[in-house]
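Structures incoming, each one as structure tokens.
Both complexes shown next keep subunit A, but they swap its partner, so subunit B is in the first and subunit C is in the second.
Right, the complex of A and B next:
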């Protein structure tokens, strides 16, 4: 079995964000990058499946991005990926989901993967499109938003998370692509020996020029901080004073404190 | 401009969010027609044309077949845009339709901005304005962002849609009910919720202590539940419980839209967060800018006195 896991490296979402010079994306300086959280579940599920099948499947990890992306790739390899493909693209952020997915599909077309795992969305852009587009371009069966995954004899059974805590159960035949929701499993921390082993694993570099050069179907016209609606009171300063003020406000404005 | 709206059925019921599609089309100034995979027993109240395909035949969830039905309606109506709610149904189906039409897709629209669409980025800390570059586009709208004005009314002009076959690579098995709720937060007057900002599982009792000092219940945001710090029965948000207490205290919760959707109806919202720009500040009546683990114990001590 050949498995592909698509991952993205994104900034820590606790960071402060500001637009870049030409207001088309966020300014990357001073940001700490890590693997997109949803993708950690995708990597973990692929590794668990490999373990279930006695180590037979080969797991390829793919990521698109600048030089720094190698760090996220190395983590995925240390979690249990076998080899990686890094599509080096400094201008990745100017590409829309259609272009990103077209690049992935263009690489994957010749590789005949049986199963592809992606996160359900990226934490920064959050379009929830790339995985599904890749599946459509490759003609794979596809289900999104997995909180449950099991595999048996060529059939994948998925549990999709729906609104209100209900789950939808569906069966897909391979080849298939699934997108992973938070909570699908418990992503492992790479151990030191596995981090060392990962250093020897192959990371093949590709350039966008070697892949599909589709034109964009959507464009970012501008990026900016949301307008502050104001309204709420902001309490800053020393803890003791904050405690007293909040207590006063709650006594005055709510009926629950007496 | 013409919009094809894709409504939603779940477990035999028409979802209310379907009416938000119409509200969005009205805001666009577009004529609208709707497609539903549902049943005659649950039709939307509207005066426009509705293409109806039978859910008993095509399933409530079967993106392969639903895609073909949408494409059939697209052929008949030649719409400028095809609009879905950004839900587990919509984000699953929309990109499939977009690829088939080679149309650009804009996901989770929160507002309109002079002909372009506004969407969130980076946990709502930034906004993007996105413009489609394809003639026809696929759009998904954030649930709750475009509220209908007034009660829906009218009777749709029905036109049936059918496919020649129902072969599909995906088989829908059925629904699994939500986990049994150990705690019914919907009736709680006071809820104190823990978010990722509490730092670690060992710190959760500090938040629980404030809940109990106030005579309220403990709530939690999704990351805290996923990490196993708090049981799922305490989760507030789209995939947990929807609550409307008199007082909601969000401790170390940044304010992802899925969480806000579950608690924004609270009468009074206090947020404690070290990040002054956290999106929770947008809906909080009071934002205390502080380290949760310093502020909460001090406030609990004050309440206990």
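Right, the complex of A and C next:
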């Protein structure tokens, strides 16, 4: 079995974000970067499947981004990936989900992966489109927002998170692509010996030009922080009236009293 | 010049930080106040399984081969959450390294994997005695060869991890006629050896979860091959290995200092007095500026000492400078943090009083600040005479 896991490196979400010079992305200077949280679930699920199958599947990790992305790739390798492909692209943030997915599909087409894991979305752009577009381009069966995964004899059974707390179950035939959601698993900490050993694993470098020349379909016009809202609402007056107003607000605007 | 961590070092730092935040921090206050040894030891076991007990130890003995810089950044991250856990990890690493440096092949193969894997919760470093603290060469514990065994008599004090250590690195006088410091040897003593008595546990000001005990050797008989390194060469070994331990303790102090200042700084942006956030007062801003500046200087000194050790260069002076400066800076940072919280900083409802208690020992153990200055001055004066 051949498994592909697509990961993205994103800023630490505790960072303070500022728009960059041309106001189409955030300013990356002085940010600390991590593996996208949802992609950690994807890596973990792939490694668990490899373990379930006695180590037989080969896990390829793919990421698109500048040089710093290697750190996230190495983490995925330390968690249990076998080899990696780094699509080295300093202008990755100017590409829309269609272009990103086209590059991934262009690489994956010749590799005939049986199963592709991606995060449900990235924590920075959050389009949640890349996985499904890759599946469409490659003609794979696809399920999104996984909170449960099992594999048995060529069939993948997934539990999906739907709106309003409802769960759904689906069965997929291979080859398939799934996107992973919080709650699917608890990603392992990479052990220190594995972090050091990951240094020796292959990271093949590709350039966007070798993969796909698709033009963008969606251009980012502007990125900006939301306007600052005024302070909270201060209730004044007689205490009984304040309580009544507070109760009214809680009933109307929140689910606390329902 | 390149001042960034490598990708591997960054990943180790991230792993240590994530583990410390989710596993150590939630437990730290409880460990401090009421103690929970099973939970404390369970976390040490998890840290061992992740490879934190032998950061600078070769893979063939179960180590991580991650180096000294990685050791330093890992210690800082662990100490940000729990100083008691951090000191235990630091000592375990030092014990593994001393065995790796001077142990026989059999000793290395037997003991280092037991500590690195977590099969032993800890290893202990038994040097200090009641009358031999800053002056360890003044020790009086003796080891006498009797047939096929060494017989140890005497006592040690302030021994970290004694109740749950699997093995002790013990220094004892083997030649009473030799000049001071020239007749001391180093031994490996297993927990449970008859005649090895774990004595009173100290009631310390801080770092409560990490046990600190007296050790008594009462005709404690160990095999002849429990001698580690060359006979009568033990003191030189102890002095050399403490240099590495000092990087660990300096890094630990940095972590506690950062935790205290991060907490106090966040607090200062919320606490209102005189109708404004106290972070808007210059009195508070100067504390923030001074402490973070000192802690950053401490970090760079630690990185420099760690890098020198990792590169196989002399590092004793740099390790002492880093330990001296980092522990004193961290003490000042914790003092400032309590001050910034005012009365609340003195209560157990906020963690800064724990940081202030935990950090106090760092300028004392693994060589006091005064002894670090002796070492630093001696190393400098060598070049002027």
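FYI, the second predicted complex is superposed on the first by the 231 of 258 C-alpha atoms of A that agree within 3 Å, B and C clash if a C-alpha of one lies under 4 Å from a C-alpha of the other, contacts with A are read in each partner's own complex, and residues count from 1 in each chain.
Convention: contacts are C-beta pairs under 8 Å (C-beta built on N, C-alpha and C of every residue); 3 or more make two chains touch, one makes a residue touch a chain.
Every value quoted in this text rests on a predicted model; they were computed, and no experiment measured them.
Visitor: I'd like to know which partner A:232 touches here: subunit B for first, subunit C for second, both or neither.
Guide: First partner only, subunit B.
Visitor: Looking at the overlay, what does A:199 touch: subunit B (first), subunit C (second), both, or neither?
Guide: Touch partner of A:199: subunit C, not subunit B.
Visitor: May I ask you to decide whether A:190 touches subunit B, subunit C, both, or neither, giving the answer as first, second, both or neither?
Guide: second
Visitor: Once the shared chain is lined up, is A:162 touching subunit B (first), subunit C (second), both, or neither of them?
Guide: first
Visitor: Can A:26 be said to touch subunit B (first), subunit C (second), both, or neither?
Guide: first
Visitor: Can you tell me whether subunit B or subunit C touches more residues on subunit A?
Guide: Looking at subunit B versus subunit C, the one contacting more residues of subunit A is B.
Visitor: With both complexes superposed on chain A, which partner does A:75 reach: first (subunit B), second (subunit C), both or neither?
Guide: Touch partner of A:75: subunit C, not subunit B.
Visitor: Determine, under the contact definition given at the top, whether A:34 touches first (subunit B), second (subunit C), both, or neither.
Guide: Second partner only.
Visitor: Quick one: which bits of subunit A touch subunit B in the complex? Just the residue numbers, please.
Guide: Touch list, subunit A to subunit B: 11, 13-14, 16-17, 19, 26, 96-98, 120-121, 123-129, 132-133, 136-137, 141-145, 157, 159-173, 176, 182-183, 186, 215-226, 228-229, 231-236, 239-240, 242-244, 246-247, 249-250, 253-257.
Visitor: Touching residues of subunit C toward subunit A in the complex: what are they?
Guide: Checking each residue of subunit C against subunit A gives 7-8, 10-12, 14-15, 18-19, 49-52, 55, 59, 63-66, 70.
Visitor: Spell out the part of subunit B that touches subunit A in their complex, as residue ranges.
Guide: Residue positions touching the partner: 10-11, 61, 63-64, 86-89, 91-92, 94-96, 98-100, 102-108, 116, 119-134, 137, 169-179, 189-190, 214-215, 222-223, 225-226, 228, 232, 238-240, 246-247, 254, 267-268, 270, 275-277, 279, 281-290, 294-295, 298-299, 302-303.
Visitor: Considering only the defined contacts, which subunit A positions touch subunit C in the complex?
Guide: Subunit A residues touching subunit C: 34, 70-71, 74-75, 78, 189-193, 195-196, 198-199.
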